[in-house]
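Working notes for the structure below.
Chain naming follows the written order as A, B, C and D, and within any one chain the residues start at number 1.
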């Protein structure tokens, strides 16, 4: 029994109606090992993983093939029998804990539910065990966190709470579906560490068998014993992690392993007068009292952007990256400071801006799914700004639309398709094309790649880069993808909690010296090296941040006692960079890739 | 129309039947009066509540009038008033809702109060007063029915608009410098169409119900004409002997309303 | 399901809202009274004429008008009425010659009882229908419920009611055909005599509520947390009852409140058919006899009933949703 | 009818009070309780006879109070609380009250009560329905404990009949707000306006042996179908205003029966004679020939009606003039008159509404035939609510409805006298007015009858009041309810069934 594979999948096909989603998938996994399913979205990796629970989304069904988990023939079981397995022997950790937790029920109730459904413990036992798991998962105040509602805890914590929910029944098999994709790199480190230990501890230390679904090879490298690569619903390669990472056989796998890096951008005329300059910008939500909003989001931001220049803005979620874009675009009036377009101040509110000012500044939204009106066709979406800004109609408009499609490398035949029928990449291109339709001076790109697969994302980035070069657009790049920013942008602005902690030229940023927070970000980027996770220290949390002091203080591991916790961090300038810290720039251990 | 044709092509049988029904009723509403074998008010039968016969296909009513003829006229009234009022209500409700959701603040507050006022006056009593004051006429009936169902539509439309207004593509339009109404028209409204259609179907049913309610209170379509509800009402005493005079209109109402709603359900795109 | 730490959130957020709502409720009430007053102004004739009827002589009318204070200009009369209301005095009925409060007191309990009992029957029924339909989305049961509810709404209520009477009262003689509620009647008697009115009203309101329930639930069924719960091994019904319902309580309760508010003023037809001494027929009566104080009183009651229901609905929605509560 | 000598009084008793027809065959039986449903009731329900407006009020008042006289089945007034009522000149009347009659709440009936009850109608504030008639009372004074003297502005032989109306029922002296304290067959137990009236047997009612029932609950069911259902379901034992279409249903029930009362109730088309074109005699003549009376009787009233002849006195009335030729549907003559009137093709609106029974249908019948003779009648339908105050008599062509009145004189003087408040057609006919006055004072019965015959002829020939049919009143009752004896003054035995019926179960 032990040496027999714990999981055995043979020529599995799942299809919705007659169209196959995945076909002819086969793999085996010994007990206690972790198999990673790698692939782009739509490659069928989640479908395959869920099939192991006998679950198919959107009215799909297991068309053919066999699935064995332990002794159990999943493909033969009835709905009731499957229900008896799910959450008991096989449990699931979903991608977005925020969405997968029921917003209106307390966390504890949801965490222990599997144990209660399958009647394997009493409520008290279950709750006790849950609290133990909370501790094991390094969750703060483990005793009380269960009394909260999902919206009252952070994303990283929720993800770990979901792990507790999955492990409460000591399952034989845990399925992790992109469990850290939605998290910041820093949080990802903690969560990965927790998962690793937790999984290992299951089944009296023998460790649970696990399926880890992800698109990020680096992450997978840390977790998996074996890797299966899926592409367009087919299994292209499967084998030990080492082998797949070191010597991938299949061409597609190779393309994944040495993922395309955006080419370093050509420098723009650096001395050109700033087309956009932001001066002492403070903004936030709620009532503004003498320049301070009730809920401040951004504090004292300043930077210049020359025509055709690029500025990258990085930081964790909640650092105010997107808010900055919204302020520049006029969606959120600034409380203090001003935004200058060609040296002339931009009115803070939309109402006060002129058509030309609107046209000059174009915002490309993060999520193309919500940024494009689902009721419209591509043509209508692109024609709208053409008519609005340039009064183009009929044939003229159509011609321009065609040009835009061509410019953004979209096939001409999408023109009359409803956007809901486009792929993620295509949507993002339309999203981009809409901004370009205005023929803007400044392009604000807000996390334009975050919703996309690496390959597609890279393509979009290089597209933007080309456009920048060809059209001389000044671009502001908001992204959590530090690599991309580092290579694309001439200047990089690092935000922490709305405060600009570092503003560096590309050279300086790619150099070794950084603000401690920047350094933390860089260190948190996983690498292909399987030992990376073990080597990286878990981020620290020390109390709450206090007004007036360095906002990063609670998480800073190089803080100087007696100084950092007494005076506000002073702004300093060095060659090619400006930062906010008592210390000089900190060298960070690894070279930034 | 093209859209409809494609819908027809891929609609399941049930939905085609629904569509066929509605088409049938619309046809009757249009052609009814010409098809009617007897004048709507003429006392053509010596007997009352007579059964199906060659001369009176659907028998005669409580005054010995030809049921078929009255049914044909009644259909016209019900369809015109019902759909008319429902459409009117949705039109007003939705435009007001859009205004409220886009202007927000004071305007929204005031409008909402007005709607509360309207909705909390029992419609039949409103009808009673208006009819007593202005005398019963088709436009008035139309107005009353519409007025009654504006608030309901407003609530739904407003909720929809509010949700949509929070989405990025609306923000995008604002950042583009589009005006309120352009946004309402180009961005918000297109995404409200289908839920509003479903609502329209339900409103239609309610208007039909309200109409028959009004006829019960003697406020509805005035004799000798009658909407389907009034036909049921005036022949109610024939219920004991199960006279076609009452069964026919009752059945007609059920088929008409159910058909309409099935059709509307069918018109939803796969997305929703 | 509420308590512990979130209790405090509730305290903080409910009171101001409550006060705001009461404020706007007052505004609405005043608006309604103005509208009613204006509308009634459109009516031909006045209380004096209607009271004296066909055989009135001009002197009589004049005298009676003066008696009723109808010879004063409308704004004055409205002001007087408003002042009275401020003192919680609904005034004297013009035709019955007794305090409006007394007349209302006679009927309000009946109406409330009828509405209450109907709600007690209709709400669970609607929930059951809606939930079943939602769980069996797309199945024949779903379609059947959909059709049934539609035709339920469409068929004139008087037809439904009359059918009931013919069957249960005339043919089978099980139930009385009149809803003669009286103080001395025992509960069981009252229930028997109100059975048919309740049934008829239920038929009218249940459909809308059921449809809304179904819609609200169906809208949630595609959410990730539902899939998550299913992948914990929970049955669909457990998921719907335990996970989905709390999340769509808001819209459901709202729809219910809307439908139930119909039970007050909308019961006119049922009241007529079963000779039920309720408020709706009283209001009609007040219109035909031009009895302004009575008319206003009824309007006020219906309006406040509606507002209260809405308020209650919002409160429930608030309590059901921890996120809203926290704000 | 000469002055009330004892003989005539006894005769009166006979004709008036003895159950005559099949209904009364069985012997009266005491006890039992019934529920009665009329068609109309509202918060305006009153205990004040003077304000009685609806059938429910009349029934209630006749249960609680008694009048000085009452109309018999012979349409003639017979003494009630008045033992004798005499007059030499028809202008001054001497009433002698019955002795030993007591009010429910104690106290014997005296002349003071009668004087009070009659004089209060002259106070406009009271809003009495009989104000116009009371105006004829120049003086009402007590003449001893049991004597009352009424002086009239002019002679009126019909005073006894007029006093028989429910509005003139007798109250206790000084009653500001009537509370049911009368001398009637039943005492008030419960009264809720618009909801119900409950009355219990008055043990010391002045008519010995009556009433028979212990208890009567009086409610109203406005909806006709519900009213029938309530009867058939056994929830009520007696209802009025059964629609002709519903008689089948009642008759088909073994336990129930209908009671039909041919009455003087009529719905008439009013053609204003003081306006044009409705005043044009040819137009009126044409209209009278356009009325298909048999059709109206058959289709609208399923035969429950008596063909009318455009004058308000029904065939079964003592003063009916049988010699007037019946006007019938005659399109040729109608066409001839229309052409003479020059109204061919002129659009004439007729105001009709549910307030007047059958009005809308009658109008559409007229419309149909009118079209055939080149008359363009346009039916304007108006709601029942407010009809009497806004439409009745206000347009050249509208519909009116007249309830049975106890005497020919009342009908004529209320609706046809030139200066009458509701001279519907607004006609002025000196000869008619003169006859009306003369008839009031006329002593010789034959001459008087002759005068009434001539008045009917004049109205028939010249008045714009078009009366197609007299509508019969239909009650429905439980077979076990005995003693119901249709009364031409109205349904429910002229609203006076209470003391006459008994429960045979």
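FYI, a residue touches a chain if its C-beta (ideal position, glycine included) is under 8 Å from a C-beta of that chain, and two chains touch if they have at least 3 such contacts.
Chain identities (UniProt): A = ABC transporter ATP-binding protein; B, C = ABC transporter permease.
Model, not experiment: these values are computed from the prediction.
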| item | value |
| --- | --- |
| Contact-richer chain pair (by C-beta pairs counted) among B-D and B-C | B-C |
| Chain located farthest away, centre of subunit B as origin (C-alpha) | A |
| Whole-Å gap between the CA centroids of subunit B and subunit D | 45 |
| Centre-of-Cα separation between subunit C and subunit B, whole angstrom | 22 |
| Between subunit D and subunit C, distance of the C-alpha-averaged centres to the nearest whole Å | 42 |
| Where subunit A and subunit D are represented by their mean Cα positions, the distance between them in whole Å | 90 |
| Where subunit C touches two or more other chains at once, by residue number | 43-44, 162, 166, 170, 272, 287-288 |
| Where subunit A touches two or more other chains at once, by residue number | none |
| Junction residues of subunit B - those touching two or more other chains | 128, 132, 236, 240 |
| Touch relationships between chains, expressed as pairs | A-B, A-C, B-C, B-D, C-D |
| Of subunit C, residues touching subunit A in the complex | 1, 4-6, 223-225, 227-235, 238, 242-243, 246-247, 320-323, 326 |
| Interface residues, subunit B side, partner subunit D - complex | 39, 41-43, 46, 48, 62-64, 128, 131-132, 135-136, 218-219, 222-224, 236-237, 240 |
| Parts of subunit A lying in touch with subunit B, wherever the complex brings them together | 326, 329-331, 350, 353, 355, 358-359, 362-363, 365-367, 370-376, 384-385, 388, 420, 434, 438 |
| Partner subunit B, residues of subunit D touching it in the complex | 224-225, 228, 243, 245-246, 249, 295, 298-300, 302, 354, 360-361, 364-365, 368, 380-386 |
| Interface residues, subunit D side, partner subunit C - complex | 37, 42-45, 51, 53, 124-125, 127-129, 131-132, 177, 192-196, 219-223, 225-226, 229-230, 232-236, 385-386, 388-390, 392, 421-422 |
